[in-house]
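Both complexes below contain chain A, partnered by chain B and then by chain C.
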Partner chain A sequence: MDIVIRIVGAAGQGVQTVGEVLTRAAFHSGLELHAEQSYHSRIRGGENAFALRLAPGPAWGAREGTEVLAALNQEMLDQYLPSLTDGGWLVCDEDLTVSEARVVRVPASRLAKEELGLPIAANMVLLGAAACVAGIEEESLARAVRDAFGDKAELNLEALALGKQHAGDPRLGPHSPAYTHGERMLITGGAAVGAGAIAAGCRYLASYPMTPGTAVLTYLAERATRWGLVVEQAEDEIAAINMALGAAYAGARAMVTTSGGGFALMVEGLSLAGMIETPVVIHIGQRPGPATGLPTRTGQDNLLFALHAGHGEFPRYIVAPRDAQEAFYLTAKAFDLAEKHQVPALILTDQYLVDSFSTCAPLEVTRVAPRSYLLTPEELEAMVSYDRFAITDSGVSPRAVPGVSEKLVLVDSDEHDTYGRITEDLHFRKALNEKRLRKAKGLMQDVAPPYVHPSGGLEGRTVLLGWGSTYAAIREAVDMLNAEGESFAMIHFSELWPLRTHELEQVFDQAARMIAVEGNATGQLASLVAQQTGLKVHGFIGRHDGRPLTAADIAQEVAR
Partner chain B sequence: MANIKTLAKKQEQQVRLSSGHSLCAGCAEPMVVRTVLNSIDDPVVVANATGCLEVATSRYPGTAWNVPWIHSAFENAAATIAGVEAAYKGLLRAGKLERKVRFVAFAGDGGTYDIGLQALSGALERGHDFLYVCINNEAYMNTGVQRSSATPRCASATTSPVGDAIPGKPQDRKDLTEIVVAHHIPYVAQASVSNLIDLSNKVERAMAYDGPKFLNVLTTCPLGWRTRKDTSIPMAKLAVETRYWPLYEVVEGVYKINYKPKKHVPVEEWLKQQGRFRHLFKSPEGKSSLEEFQASVDENWERLLKKEQCLSGADAAQ
Partner chain C sequence: MNAKEYLADVELAWCPGCGNFGIRQALAKALATLELPHHRVVLVTGIGQAAKIAHYISVNGYNGLHGRTVAAAAGIKMARHDLTVIAESGDGDLYGEGGNHFLHNIRRNVDITIIAHDNRVYGLTKGQASPTAPQGYKTKAQPFGSLSAPFHPAALAVALDAPFVAQSFAGDVEGTAALMVKAVQHRGCSLLNILQPCPVWNRINTFAWYKERVFSLEDEGHDPSDRSAAFAVAARQDDRIFTGILYRREGPTFEDRHPVLQEGVLADRPLPTESELRALLEEFR
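Let's look at the complex of A and B:
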């Protein structure tokens, strides 16, 4: 059974807390899930929605439609009621007005006040009822509540019981477990980026708060002592990236996390990273711009910005993980390739990916164990002289940490000679510039091919081209469309730069029709593909209203 | 000079920031904004940095602002208002405008102490004729309580969390008021939302000067300070009474402490009511942190008294 439990209310009503408890309960029950959060940019009031999707197999992304709607206020009830599917159930407080027949009314506020003496627990009463209606196991729910509330769990457990009592029998379920303990883990995209950074040996994070990039900042700040990281909150993004570059110069694996607006302030520092060939990892949690835009919403409108940011010409590595699991591995890969090729590496996520929970196979830390690319003090001592920017075939010069030897490590933002001294000798300028740009070749060899589904025989098919977090929606759309007898396929990029064109050309060659699907208004990957290959897509499906693309959006547009 | 009646009357006469905004229950920010704007008689133009005030007052389908209002990117309120003021001066010079118009920038502590400091310093140094009001609630509240350089030592914030090894924020807050004083502008003051008449008087005195004016106003945030929603004003008052947040002004370089608490109230009284300092009351290390906190409050107060003594108008006249 594929069901969506949607909890809606105003900010400050505990939508997120309730949603997380329910998500953990479903996880404890062994159910595959995806949980998406959407909220207005404000501390109180406004719209707050938490959508937990339970699926029989690996859960896809978000979808429209609601099987259990738990509404905490009238405004959100009215807004979301139309999303209730046939056979769906509404759960709400008795004081809300509703004409829906399939409703479970619970006197949540009254019970919380009269029975528990704790008016704030009304949402937990409602959760008890909603979980019961949705057929979530009682024990799993109790465990999730104990984990979330610790010594304050008892009253909340009573609240759940009251809700369950009023709800009566489950209307949906039972759901058979898809896995047992230890086979799957539950993680958000933001946490996966943070965990990937720790696994990759990140030692330094400097950042400035900006939604949704902040999720990685708080994740790492909470774990800094345990994992031996230095986490600094800078006074702005200009300082943040330059602090990270300073740390990287001194040998620490360094990272910054931000969103498009903050990255705009980092651009000069990015160019500096290109010039001084100092590795840095930049996480950009995208949200719709321009300017402050929609601070708490999602979008994919920073691809071309990330690619073209920075004055001058220099190589860079850009990834856009498709889900939380990949966010872990690609963050680690970004650290590895930044070190290996001495380039800036950019990770493009978005609010949807950062805030969404999903189940995935346990992350394998050993698969991403950090490799050192630095000269050891002994190697450095053995050299007759040390030129930080020595000309090599690969373009990568041996990199040493300053202070470990008598030999100086000089780096300069001005054009420099191989030793790191300012030069306006145009011979040097050309040689050094070419050396830096040569690194793109080696980098390209480390880029994995795009994901193509199904894996062969694309002749005559309509192929959807996408990147990053839209993966699940496109994948689901393709399967949906194919179930109806149509022949669809997809090609999806998680590693975007350097852009692998070989597979693209093959797919373009075989496909009857190519349609780009992106979370923006102009088709940024489609433009990039055209620029790099001369191949133009035949159609474009874009969503840029701040909400994630869903399979239904795509299937509908394709059918048009 | 303002009194409670004149303040109330002005509030009746003109509503420059209306009700119906979505700031939290217990948030003291609108009181600061209303008092500041109602203490200026001329038409005003407001520039607003990103933050709680901005998002909660300007949301479709309404706006709480009854004055021309511009929101720019986070770090630029001072630069933006400087541009508006320069254009106004140009229009005056060209004879296209005759009315006196005043310019006010509102920004939080994040947008002032941290990311907006450079723009503020530049506008102060260039000498634009404007009033900059820092609504200081001591952290980035709008984005979920991250520490700022206005956050006091030991306070818990999501990016300076309390852990086994670290008791909240390890650094002292920046003394921004004194940094602004060092720009030698005509008027600089510290105020608190608990003392609105004092705030109103300060705005009136400030607006008598041409050139840059600066106010640093302490404002309780029940969410970030983890205080009760109905104690915002008493909490701000306690910050003043414990000498943690002295009310003083520097007028053309002359220091004046506007209020000297008669008795010494330990800063603990203020700290213990706030969830962000709760950990200090649970451990022996917390006790020594409290002592250090008190020592630093005392030291700052003594230093301020000395400044008043040395740099008072009376001394200058001698």
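Let's look at the complex of A and C:
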């Protein structure tokens, strides 16, 4: 099975609500899915689209084409009608004008008004019809509506029934379940980052709202009381990073969430984190720049920025999860490595990953198991003296937090001696700078290898190189292309810095052709690879119009 | 406790005759009076001559970025609200580069004490006008004299209903120490603005200049609970400069209002257990 149900309308028409209900219904029915959201940066009007793909397996991505198009207004109907595939069906209000033959017209507005006395429920009438056409189980849909609306579910259930009645028989389906309850989880990338943070022992988040980073702010704020966090909306991003660093210095695992523009304001703070060797996790939900760019769209144009941000030289850890499941694990890992190596850790997601729902194998708590790297009060009491920045072989100095023992903890943004006291003794400068930079070695040992598919035997193949949320699109493209002969492969990075070069060199050595595939215009990973290894890709496929890369985009470009 | 015990045994990199020496003595005295164990205090500073004080007082120290003193102090206090957190820096740091944090942390009302070394100039960068410099104040960077009106920290703090607003003169070490004690003791975001001559750069607002102008609010019978009276004093345009407690009110702090902090110190919370993690992930099933 592989069908896309696309709900389109204007902001304020409830596209997202309807889409989420449908997504949960598909989840309750045991269907593998991916649901993607695309919207204009406005609260009313404009374009809002929610695309639910009932996918052949878990962890698939978005694709073009529509099998069921549910249009809530004329403008979006006209815009999306060309995406309807040959066997596809259009579902819309009877008021809308359309020449399409395969159409299910529903008097949604009239029924909502006359039968239910609730004009706003027109979208639920249409959902009832669209779900019926798509072959989504009625019971699962009703369950999803009850979960979403609670006390107000009854009227919405009536709306669904009216829609179904007018739609007649299902045109697609029935879809046989791929899993039973408990065998999958349904999660968005944003929630996965938030849950990964809580799982890793995050206690503090300070942030200024910025799409799409805000998803993590609201996820954590809603759960702060239950899980014991302080989530504070800062006056600006500069405050956010400095508040987080203060909290981290005092012993609370701390995080900020933002997008490229907000991160730009945090850059001096990032450098401070490097200097005072205080762990902090920075989530950057990417959207296309420069400047304000496309606020609600997706892109991958912050990789080199994240890597090079901050004056001075200091180690950092950068990850870009490939999907929601990995966003959970890599967020937890970012917290762990930030603590272990006393470095800032950056998580690069994007609007596409943050807002998309997908089914995944149940997240395993045993894979997270957070541990403390702090000196205990007992260990501190046993020490004759304490130097926060003691020189060690690994570069990692045993870390104490203030207030838990009589040992004082001093950190300084100026160059400092091992105690933390400001110094202009250049002997200390060199020793401390080398100590900080030495941490990169240990950090590198904790970085997992890139994903190579298929593993081994890449001789003569064209290998697609990618990172972050383009994983599913590249994997699907490789499979599509290989359907006509086994000549394609992929190498994909989720952990980007420190960059593992060993596997890259092997792949470059075996491949006939290397093509970078990225959600930007210049090939940022390709540049980084060239800089680190001297190896240059032979081609580049970039998408930078604010929409996610799809398998069809890639396959088409490769074939060109 | 002995005030000397709070003075770190290090070389001081301040200019001879600087008001910072007196402020350092006053802070040591205040900490001794408050009988605060060294390890239960965090002195947070930014960048500038005043900010070096984090190295000169023997307590925990966080000498962060220029202008971000108050933001870092708020984060520290939220994570460990059992500690005494003092945010101390110069007028350029707190009112210029850090103006936004100054405004919003008064609103936030985390229980920290802001101590400003207000000498009306940027010392470390060689004498440019600070936000509190008078209009017309000439420097190499302001050859026509500062065109901007001066920033009035106390008036602004009263406008934001800061719970404790006071001012002292660095030449009065005893009086400054006494106000530091009261500022630290007062719950909420307290401000102590310390008027300080800069013998190197500021040839106008000298020790003698201040000495002629400062007066004690207490001596004049000012009632610190009267917000209108506080405004009237803060907005005075004459040649007299007030010292003492300008405004004081009681009220809940950020910590008092935050349900998670009411349960205990944030940084003392243990890492999540396996069963907690299972419960966390239930919502995705």
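The rule we apply is simple: the second predicted complex is superposed on the first by the 558 of 560 C-alpha atoms of A that agree within 3 Å, B and C clash if a C-alpha of one lies under 4 Å from a C-alpha of the other, contacts with A are read in each partner's own complex, and residues count from 1 in each chain.
The working rule: a contact is a pair of C-beta atoms (placed from the backbone, for glycine too) under 8 Å apart; a residue touches a chain by one contact, two chains touch by 3 or more.
Since the model is a prediction, treat every value here as computed from it, not as a measurement.
Residue contacts after overlaying the shared chain place A:A191 against chain C, while chain B stays out of touching range. In the overlay built on the shared chain, the residue A:M490 is in contact with neither chain B nor chain C. After overlaying the two complexes on the shared chain, residue contacts for A:G182 are found with chain C alone; chain B is out of touch. When chain A is checked against chain B and against chain C, the one touching more of its residues turns out to be C.
When the two complexes are overlaid on their common chain A, residue A:W227 makes contact with chain C while staying clear of chain B. After overlaying the two complexes on the shared chain, residue contacts for A:T211 are found with chain B alone; chain C is out of touch. Contact with neither chain B nor chain C is seen for A:L330 once the two complexes are overlaid on the shared chain. Residue contacts after overlaying the shared chain place A:V411 against chain C, while chain B stays out of touching range.
Shared-chain residue A:E235: touches chain B and chain C both. Of the two partner chains placed around the shared chain by superposition, neither chain B nor chain C is touched by A:L52.
Common to the chain B and chain C contact sets on chain A are residues 225, 235-236. Of all the residues in chain C, the ones that touch chain A in their complex are 10, 37-40, 42, 44, 47, 52, 54-55, 58-65, 67-68, 71-80, 82-83, 100-101, 103-104, 108, 258-261, 263, 266-269, 271-272, 274, 276-278, 280-281, 284-285.
Listed in rising order, the residues of chain A touching chain B in the complex are 12, 41-46, 208-211, 214, 217-218, 221-222, 225, 231, 233, 235-237, 261, 265, 291-292, 295. Against chain A, in their complex, chain B makes its touches with residues 22-25, 50, 52, 55-56, 59, 71, 73-75, 110, 113-115, 117, 140-144, 146-147, 149, 158-161, 163-166, 223. Listed in rising order, the residues of chain A touching chain C in the complex are 181-182, 185-187, 191, 195, 198-199, 201, 203-204, 206, 224-225, 227-230, 232, 234-236, 238-239, 242-252, 254, 268-269, 272, 276, 362-363, 365-366, 368-372, 401-403, 405-414, 420-422.
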